[in-house]
Amino acid sequence: MVDVVTLGETMLRLSPVTVSTLEETQQLQVNVGGAESNVAVGLARMGMQAGWISKLVDNSIGRLIARRIQWHGVDTSRVVWSENGRNGIYYLEPGCEPRTTRIIYDRSDSAFTTLRFEEIDWDYFNQARLVHLSGITPALSGDINQLTHQIIDQVKKHDILISFDVNYRSKLWAPAEAGKALTQIVEKVDILICSLNDAATVFGHKSKDAEEVAKGLLHQFGNRIVVLTLAERGVLAYDGRNSWHQEAYQASNVDRIGRGDSFSAGFLYGYLTDGIPAGLKYGNAMAALNQTFKGDFFWGGKEEVDRLIAGSSKKLDR
Amino acid sequence: MVDVVTLGETMLRLSPVTVSTLEETQQLQVNVGGAESNVAVGLARMGMQAGWISKLVDNSIGRLIARRIQWHGVDTSRVVWSENGRNGIYYLEPGCEPRTTRIIYDRSDSAFTTLRFEEIDWDYFNQARLVHLSGITPALSGDINQLTHQIIDQVKKHDILISFDVNYRSKLWAPAEAGKALTQIVEKVDILICSLNDAATVFGHKSKDAEEVAKGLLHQFGNRIVVLTLAERGVLAYDGRNSWHQEAYQASNVDRIGRGDSFSAGFLYGYLTDGIPAGLKYGNAMAALNQTFKGDFFWGGKEEVDRLIAGSSKKLDR
Amino acid sequence: MVDVVTLGETMLRLSPVTVSTLEETQQLQVNVGGAESNVAVGLARMGMQAGWISKLVDNSIGRLIARRIQWHGVDTSRVVWSENGRNGIYYLEPGCEPRTTRIIYDRSDSAFTTLRFEEIDWDYFNQARLVHLSGITPALSGDINQLTHQIIDQVKKHDILISFDVNYRSKLWAPAEAGKALTQIVEKVDILICSLNDAATVFGHKSKDAEEVAKGLLHQFGNRIVVLTLAERGVLAYDGRNSWHQEAYQASNVDRIGRGDSFSAGFLYGYLTDGIPAGLKYGNAMAALNQTFKGDFFWGGKEEVDRLIAGSSKKLDR
Amino acid sequence: MVDVVTLGETMLRLSPVTVSTLEETQQLQVNVGGAESNVAVGLARMGMQAGWISKLVDNSIGRLIARRIQWHGVDTSRVVWSENGRNGIYYLEPGCEPRTTRIIYDRSDSAFTTLRFEEIDWDYFNQARLVHLSGITPALSGDINQLTHQIIDQVKKHDILISFDVNYRSKLWAPAEAGKALTQIVEKVDILICSLNDAATVFGHKSKDAEEVAKGLLHQFGNRIVVLTLAERGVLAYDGRNSWHQEAYQASNVDRIGRGDSFSAGFLYGYLTDGIPAGLKYGNAMAALNQTFKGDFFWGGKEEVDRLIAGSSKKLDR
Amino acid sequence: MVDVVTLGETMLRLSPVTVSTLEETQQLQVNVGGAESNVAVGLARMGMQAGWISKLVDNSIGRLIARRIQWHGVDTSRVVWSENGRNGIYYLEPGCEPRTTRIIYDRSDSAFTTLRFEEIDWDYFNQARLVHLSGITPALSGDINQLTHQIIDQVKKHDILISFDVNYRSKLWAPAEAGKALTQIVEKVDILICSLNDAATVFGHKSKDAEEVAKGLLHQFGNRIVVLTLAERGVLAYDGRNSWHQEAYQASNVDRIGRGDSFSAGFLYGYLTDGIPAGLKYGNAMAALNQTFKGDFFWGGKEEVDRLIAGSSKKLDR
Amino acid sequence: MVDVVTLGETMLRLSPVTVSTLEETQQLQVNVGGAESNVAVGLARMGMQAGWISKLVDNSIGRLIARRIQWHGVDTSRVVWSENGRNGIYYLEPGCEPRTTRIIYDRSDSAFTTLRFEEIDWDYFNQARLVHLSGITPALSGDINQLTHQIIDQVKKHDILISFDVNYRSKLWAPAEAGKALTQIVEKVDILICSLNDAATVFGHKSKDAEEVAKGLLHQFGNRIVVLTLAERGVLAYDGRNSWHQEAYQASNVDRIGRGDSFSAGFLYGYLTDGIPAGLKYGNAMAALNQTFKGDFFWGGKEEVDRLIAGSSKKLDR
């Protein structure tokens, strides 16, 4: 029995160790990351049963990726293993003001993009309460876009919630293309998670008024809940009747990558256990903590998150 | 001839190297730290003769600990070496807002807790001007609490000052237990160093008015001097007649652990050479600089401290 | 359904990174190791279902230990988690001719030594084909020695094989004490794994003739099979009727620690799938490969082991 | 004016830093390597003018690759820069007896495989004395195989020598396929460099008698010179009339990758400056030294090579 | 054809790796730096042809220095190689508030200080549009001060601009000595780059009004342009008729060393391509970005600088 | 009271960390080493009182050097501290067959070469049993050569033994120059330690018969004892009447630098406690162990050395 199932690509993440640039580096720090596995890791560390479906090459790199995710208690038993092909990579060069943090994707034609309908254990979805997907998956190829629809259609036959994080990536596709493809997906999902920026770029909701945008999205797509992330301004949710706003926590910026995914994990955790306001609290708390960990993943635990929400965190515990 | 003698436990300090969490780390940075040796190191680097008494296991780890302290010129010739047992360890996982910096103690039943009256070179104390102890020692076991009293009683027979830093550690004992034990000790010491927080938690002096608390402590315990540390608000001293306040220096927060001990070292250095106001200045300066060094220890020198106090520090010296 | 269940203590293993000695090191490489988990890891990497039972403190260090074992697919769901106490540590200073490789144990009073009868999931043993224990466990304390007997007695009620690796550790107990305690255990086990050295030191079988020693042990203790490891001379097994000898593979010596445990894993794998001669082959092959990996664990896979046994290993595969 | 032009793919080379396996590693050591650039580097370090032509993506990884080659003085001005695509990678897990050194190629569809006739500066070849290619290039794709023929045909129109190292890679193609494709190439080259193994696997010359194989190859393909490398048995050259054999130098095995390419560089250096016997000496010396450097590249210099050939190397120069 | 030629000493730069102080470090991070090569690197990365002239010892350390500079495309073909002597070193201990960043020079009697008139390829200067020098060079010795004059005098015979960065270093000479020597140089240069601090310390222009100082310098020395850097207040240029002021960009302070040299590179790039206002913009942008890179060098590129000037930098590009 | 006093230069020792060559390295491992301090360290670790006299610059590098020596218990209280100048450095690039281990000295004009008669605490010598010097010191400059004579002459006035290790360094002076200078020194010393190679190169004793050479040296120079080291053939001592030969121990070659100094330390330890044969045993044992430690220094202890001599070393102690 799994609470949440996610599906998506996870890549090797390589970044410089003691120098500032990829060009110069003699050593690369090895992490792994991918939006959907990041969410699964966050949920598992909060004590939920989370499973992650993907396709990896059965070599040292593929095993490294799966085992780094399984480390946190995520069920990786449904990962499809390929004899051939390659695992996706992304290079990360962390910047700091005013230097841009740069990501170089090297994920074309990865094993994940060859994932086929027949390879998936469809029964696995049926036992879940919620299936979480993201807008990165349909961006990877036409086949995978189609597979995303197949997953959603299959899952909707049962009484299972679907949450979807838009996650627009300008390096993968253009706004118009993304808008067209994602509109068709977003119309089918229950919980839509979207940043204010992506709402404008991808769906053309260009208002600065977050509530207006959230309402606009919900009315356009007919979701049960729209969760709009507003960066340093926090987050806003709208369920067709009520809207809730929650401030962001102040947080040191050690590594922003994965922050949004930890928000999603926190939102889903809170929502599934205690409704939308709890979701916003847990989302913000996990996002803030995530930003203090190197790597995509959330390495904290439930106790720490609860203390942050309760306002009883200490600077130093000794 | 030694200016100051300290006695206490020093542990191996292990913290993650390139990742954020202990759970994930493949390499641990090795430091050593313990309140009383930290003070001795600070004093030695200021040019004073400082000795540190402790008990360690005679193996590579014990030698590592002693030699890291001796590095700075601290006299470790009175360390008692044990053939058996273990050396204490503490694991440090540095946090950053809003993530808690966490310490895991692994110090139970360390060799230090087996230190016995007969093993100590009592004459060594007699040549000192001041003996410095801390509230961590009596927290370690009943035997060691009793030894603390024996030390104080022995030392008081000669004309030697005793300074004592309360250093309450919630992971070692509860406030009530600490309050009871420490009260019996604090009544005997000349110089009481205590944080505003500990004054409230351990001794029940809950006022926000630092001067009121300092006076309250001095009147309760009858110390010659009470030095109250106020975190970012600086420090306040009271000697029964006058009180002095000194602002804290602005300082980057590289590693807070050991900051309080460097304050004590600075205070004792300044006080012994030039009285209470000098003590507050040196204490604040060394605390600020300590916070910029990785590890518990103060790695600066007298010239640097003097420049900071004189307001003539440069950002870059080339 | 688990093929093999092991039970024992696993420690944090700390060794110098860029320098030769523990005394000098600024960084410690972090591994984990313990005879029984090492065996479970070896079995899991060969494709068997292996479970490991132990007791760990529920903190970052305990989680690090469990997750490093779970990494390889070992079932750690029956580990008992303690709120208090400490996890065992061993420091390793690798030597090379003529310098001794030194181990410093810091495992006294670890959480594992507090493992109690009631904390164990006894049903878990019943589903296994074989339970593997080692002579390190009874050396840790009288209570744990007694628990070892309880486990063996419980398991023997069902039709489950028991294998036992003598693993005498001179730093834990004296030969006489070990001999007395281990004799009582060894009499009850089906498969006795013992080095020629330990046969002499612990059980007084001092002949240089391995076959004579194997026969002597089997007749003394009444085991089903005695497996005698002969270091560079290979291994010999005796089952009361036949004896088999198998040469060792030539192997570079990167890290000998864990070599014996990988032999046991290989022997059990081979024996359970194809009888004693297969056991000796797999044992020797896994022992040889283990010695080429840093750390206690076997990081290879079935394909690699099979190629080595088949004599078709390449130096370089590109 | 360039002495030697090489053309081929060079990849990022990633291998574990402090652990033994890729699966476990948290840090990857970054090198670059590719047979033809390895040869160019070797020549440049001996003082020759060497140029390397390739195609790379114009990002941090591509620049890292080019600049690591240019470091040694190789002319990289004719590298073709691509706005899109990916740079090839190979993962290296160094083994040791009896564990296989494993290479995982991740080079499919790299930018190099999109190199087109029109992108090459053909005049650049014309100024060279020799063009060096290897059997890896035609293995990468049909297009690149065709390009190899185009290069050879173009170059042969001028009075420029062509040397070719067979370099059969079983992970890139099967022996039959390689044999067919390489035969068509090898017939056109002046200097054929081939290992005894590849002569058997690819061209079916299965004799153990090296001289017989060298003669067989020369007669089959009509080359000016056949250079047959015999691993620890040294090297043999045949020019249709005379044959020369040269013993290998004893060498520690730090990193075998790139050894063959340094042999080629040494052979070409010696041959171009002083004929075949000099070629064999320089080839063997550079191969031996290469094996003592981490990474694919030869990091030595002419003086060192000359001393080795002269038999006047010291163990320690101080 | 080279756009800009620089001449000066470049040193090995050594700083602690994982600890805070040089005294404690077991590993030193290796960079190279020197004001004039830093400028050349900045220009080369912007796409200009830049050459750097110096003198180095022909050993591994000398080659390391030259190749680290050549990495960025700087022409190092005119470096003079010495068989004897030593290469300069500087040790860097990065501080943070309130701890001073300390530099220990170990550059006395370096090979560079033995550079003689006859060793320089004078024709190389003639093809340049601009020659850039700094006030560090004449500080190194009387001979080198004289050589500086010879260079300026030679260059002025052709229609080549000379820019000069005052770069006063208190560890190399006293203000009076510097003032006297630099005055004689500065009178001959076209473009004078000077910090407000150095204008006061070296030339006695002590006003806080930057424009007044710039005018004062230009009138005193008769330069074509005076560029006055004002630290966090930006930069001001005066050409005898007009003055321009440009705000500094906000920038994280990863490593300030080399910031001023990147300003110079940016100013020269902008000035040579588009006049003074462009020079100020590029100077400020490159200075800000430089401060975010570890090491002296500018590791960015033209696209990044242009985006910063255009105000279109992203925090994260993915 | 000190048993042995040594005097000489000790340098910072820098060698590559994860790569093979200095040219390529991004990180340098920091050790310190110098023949005489190496001897003092070896003696101190055997439990003797050893003091080391030298001159260092009073900065972080100088302190690093002194404290690394003091770590082992060597008395550094008589080191002369200089406000100016530089500390010597040597770069080490470890080779392996057939690649030469290369040392680059950067020690010219170091602070040590400015050590003057008046700066030395002459009384410190008088309390010693033995003063140890080496042939490196007189090679550094004419002044230091003269100082060496002054030391020997002063010491000989008291009843103090002088031992001298020839330690010829071809990078510091030519054989003829060394022969002339060292002859004048060697005539005055009691114990002459010399390698068979140096006996030939420096003093012209070219026989292959070690005993003949030892006798030749003793008769030429009139020493009390000549100790001739024969590399892998062990060592031979001659005292005018008897000669003793001792085999070398087999030892892995981790780092040969400092091996000879540990021999000297062992010889002096053994000789001073138990005569010449003990000296040869301890010398050989410490030399063998030294070779297994990274860095110049001997990191072992008396117990380990005694076990090796007794033939009771274990490969693994657990």
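The letters A, B, C, D, E and F name the chains in turn, as written, and every chain counts its residues from 1.
Throughout what follows, contacts are C-beta pairs under 8 Å (C-beta built on N, C-alpha and C of every residue); 3 or more make two chains touch, one makes a residue touch a chain.
A quick note: this is a predicted structure, and the numbers were derived from the prediction, not measured.
J.: Any chains in contact with both chain D and chain E?
T.: Correct list: A, B, C, F.
J.: Based on the averaged CA atom positions, which chain is farthest from chain B?
T.: D
J.: Counting residue numbers used by both copies over all numbers at the interface, does the chain A-chain E contact come out same (over half shared) or different (under half)?
T.: Both copies touch with mostly different residues.
J.: For chain B and chain D, let me know how many angstrom lie between their CA-based centres, rounded off.
T.: 62
J.: Can you check how far apart chain B and chain E are, centre to centre, with Cα atoms defining each centre and the answer in Å?
T.: Centre separation, chain B to chain E: 45 Å.
J.: What are the residues of chain D that contact at least two other chains?
T.: 17-19, 21, 23-24, 26-27, 29, 67, 102
J.: Which word fits how the chains touch one another: line, ring, star, complete or other?
T.: complete
J.: What part of chain C is in contact with chain E in the complex they form?
T.: Those in contact with chain E are residues 18-19, 26-27.
J.: Looking at the complex, which residues from chain C come into contact with chain B?
T.: 14, 17, 21-30, 59-61, 63-64, 67, 86-87, 89, 91, 93, 102, 104, 106, 108-109
J.: For chain B, which residues count as touching chain A in their complex?
T.: By the definition above, chain B touches chain A via 18-21, 23-24, 95-103, 105, 169-171, 256-257.
J.: For the complex, which residues does chain B have touching chain E?
T.: 17, 29, 249-252, 254, 288-289, 292-295, 299-300, 304, 307-308, 313-318
J.: Quick one: in the complex, what on chain C touches chain A?
T.: For this pair, the touching residues of chain C are 67, 70-71.
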